[in-house]
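In the part that follows, the structures are each spelled out as structure tokens.
What follows is a pair of complexes built around chain A, which joins chain B in one and chain C in the other.
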Partner chain A sequence: MAILGTTLNAIGLIFLTHAVYSAHEHTAAFAHAPLPLDISIELLVSILVLSAGVVISSPQLKPIQWAKWSGKMQREGRKGDGRWTKEGEEIVTENDPYAFLGLDAGVGGKAEGRRGFWDVRAKRKEYTEWVKSGGKN
Partner chain B sequence: MATSNLLSPPAQITPNTALKLSQKAPIILSSSPTSSLPWPLSLLFSRETPETWTIHENLLLAALRTGDDASARQVLDRLTSRFGESNERIIALRGIYEEALAKDDKELTKILDGYGKVLESDPTNIAVRKRGIAVMKSLGKTAEAIASLRVLLDNSPTDVEGWAEMSDMYASIGSWGQAIYCLEEVLLMMPNAWSAHAQIATLHYLSAPASVPSLSMSLRHFARSVELNESYLRGYYGLKLVSKKLLPLLSETPSNSKRNDEDDVPPPKLQTVKKLEELATGKLAEIIREYKSGNKKWAAFDEAEVIAARELLDRDDKTER
Partner chain C sequence: MNEERELAINPVVGSSIQHNNQVVSNIRNLTASLFGVAAGTLGLESYPGFIFYLVGTLFVSVLLFVTRTGGKPSEYFHKPLGDLWLGEVFGGLSGFVLTWTLFYGLVRA
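Now for the complex of A and B:
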């Protein structure tokens, strides 16, 4: 879809420029004659093509209902919109806003979150045990 | 990749992910984000962004988790030189570093005393107060940790993170009533948090798995969690489990008998529970089907959770036959 949108935008811009230039030349040459029909048509068509291109190349709309939006995120996972920091980390825009509560994994679960209470020793122990057991998944 | 992202780490970090996160240390440490030029020029040529320091902080935690203490020290030094030694957050991060390096409980107790001293000079340092509570919990002193957290919440009752932690601690010692109360405080501040609704429903269920009032409360909260998130597997799983337990109890007791004054909410109607159970079964089946078929738009579910849901449905099929 991105290629289609860009092509339509390019074609529309070329025709629009051409139509505007033609109109300018025409009025310069014949100051009192009405604008020929082909220039008007070119102008209108170019604007339609350009509008279609802008609509097609715009990013997909997000659901505006809370349950639909969160459900989509739950199914498709965290996502960014293609921006990255200098360090090479993607900027995640679609994310569970309540993950910081750390309630997702149930009672006594292993969810991250509640970073203020982060138990570094338990996490270290978990990691060394994982390494000792061969480091699978 | 979204899974090993240092800017916003995933909701669950397995040791494997932690390793991937901490392996980014050499790249990030290779270039300094701050400029070495003198003051006015350093403002013009600084390469730091707001994200830089979040990434550094997450890198510090990942490095400590995987035992890469040298990198952790470097990151901590960078943060300290940027924000100063007396910054609240830096004091807490330095505390985490020391905790990680502590060899036994004795050293850890010493660190805890250090936190006490910091709090004497600045009682409003929430970050250090939380570190102290985390250390107490790590030492196994749950009662002390709860008492200390209660002081924190008395002074800062809008601390959602604190309420969630308190609930988890109460749940770990089996005080279901208090745990539920704490989560209700969380819901007061974040009424749209589907995970909090599912958690409170889980607590209601665990507190009395065979009584109609707590099962109905549990059903209500699970229903709310799937109302807030239409593909919340945990919510549907709970809905199915609880309605399955509730159905025989409701059909045994006629709706108007045995109503005591204590439970102010009436139990749900049998018809409603049946409908909810059907809904949950349908949704769970849909999630399992789409996940197994490898649909990319349904790929974010946790595999273990999908397998558990499958087992629940299978068990259900067997009892019906």
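Now for the complex of A and C:
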């Protein structure tokens, strides 16, 4: 439905621009002459297409009766008024929702972040060396 | 009193009414400006321009009735006649006159 609305809007806008430009050129050439029939028809058709596109691309109406509204919510689950991803997840925050994991800070940044691979043997070696040296520093 | 009892039996959802009126208002304002562009380019003057606007809004109302409400406007509007068919018709009139005069001046004059 969204694609249909956008297509209708695009077609309507192109025809409307063309019709208005044609009318402007016509009146510039022949002042006080009535508008030719083809320009009028193009104008009216473009307006009809454009208003159809505007109506179709508008958001869905919501049922106002409490019974129907809550029934719809029961069937389809609670849907907030905010934005939703294509996968059906509500977008709660504007930013990266997994920022608290600190993945970005780990690779090039200064913070620790989360590593994909943790070298256990190297860490163990480091630890034994630290123990051998007497547990200093 | 009768309406109050009716509302007590079949309560309505305020946020849905608000949302629907907002959608209708947005559509009216957008299409009113478009009809103004057409009326100005066609060179309509005086009453024919306003009649053009009323015909255009009637067309938009029919489109809303068919595509948005699916033929059952009472499900989406508390008063279908006032909110869907006549809703925001005069609110869009100022936008219509604005673009009407602008495009009349740009294209025809």
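Please note the rule applied: the second predicted complex is superposed on the first by the 81 of 137 C-alpha atoms of A that agree within 3 Å, B and C clash if a C-alpha of one lies under 4 Å from a C-alpha of the other, contacts with A are read in each partner's own complex, and residues count from 1 in each chain.
Just so we're on the same page, contacts are C-beta pairs under 8 Å (C-beta built on N, C-alpha and C of every residue); 3 or more make two chains touch, one makes a residue touch a chain.
Quick caveat, the model's predicted, so the values are computed rather than measured.
In the superposed model, A:127 makes contact with chain B only, not with chain C. In the superposed model, A:119 makes contact with chain B only, not with chain C.
Shared-chain residue A:135: touches chain B; no touch with chain C. In the superposition on chain A, A:76 makes contact with chain B only, not with chain C. Note on chain A: of its two partners chain C and chain B, the one contacting more of its residues is B.
When the two complexes are overlaid on their common chain A, residue A:20 makes contact with chain C while staying clear of chain B. Once the two complexes are laid over each other on the shared chain, residue contacts for A:64 go to chain C alone; chain B is not touched. Taken together, the two complexes place residues 66-68 of chain A in contact with chain B and also with chain C.
For chain A in complex with chain B, the residues that touch the partner chain are 66-68, 70-80, 85-92, 95-96, 98-108, 110-124, 126-128, 130-131, 135, 137. Contact residues on chain A toward chain C in their complex (touch as defined above): 16, 19-20, 23-24, 27, 35, 40, 43-44, 47-48, 50-52, 54-56, 58-69, 81.
Interface of chain B with chain A (complex): residues 1-2, 5-16, 18-19, 24, 27-28, 47, 49, 51-52, 55, 61, 64-67, 92, 96, 99-100, 102, 108, 126-127, 130-131, 133-134, 137-138, 160-162, 164-165, 168, 171-172, 183, 186, 190, 192-196, 198-199, 202-203, 206, 227-234, 296-301.
Those residues of chain C that touch chain A in the shared complex are 10-13, 15-17, 19-20, 23, 26-27, 30-31, 34-35, 37-38, 41-43, 56, 59-60, 63-64, 67-69, 75-78, 103, 106-108.
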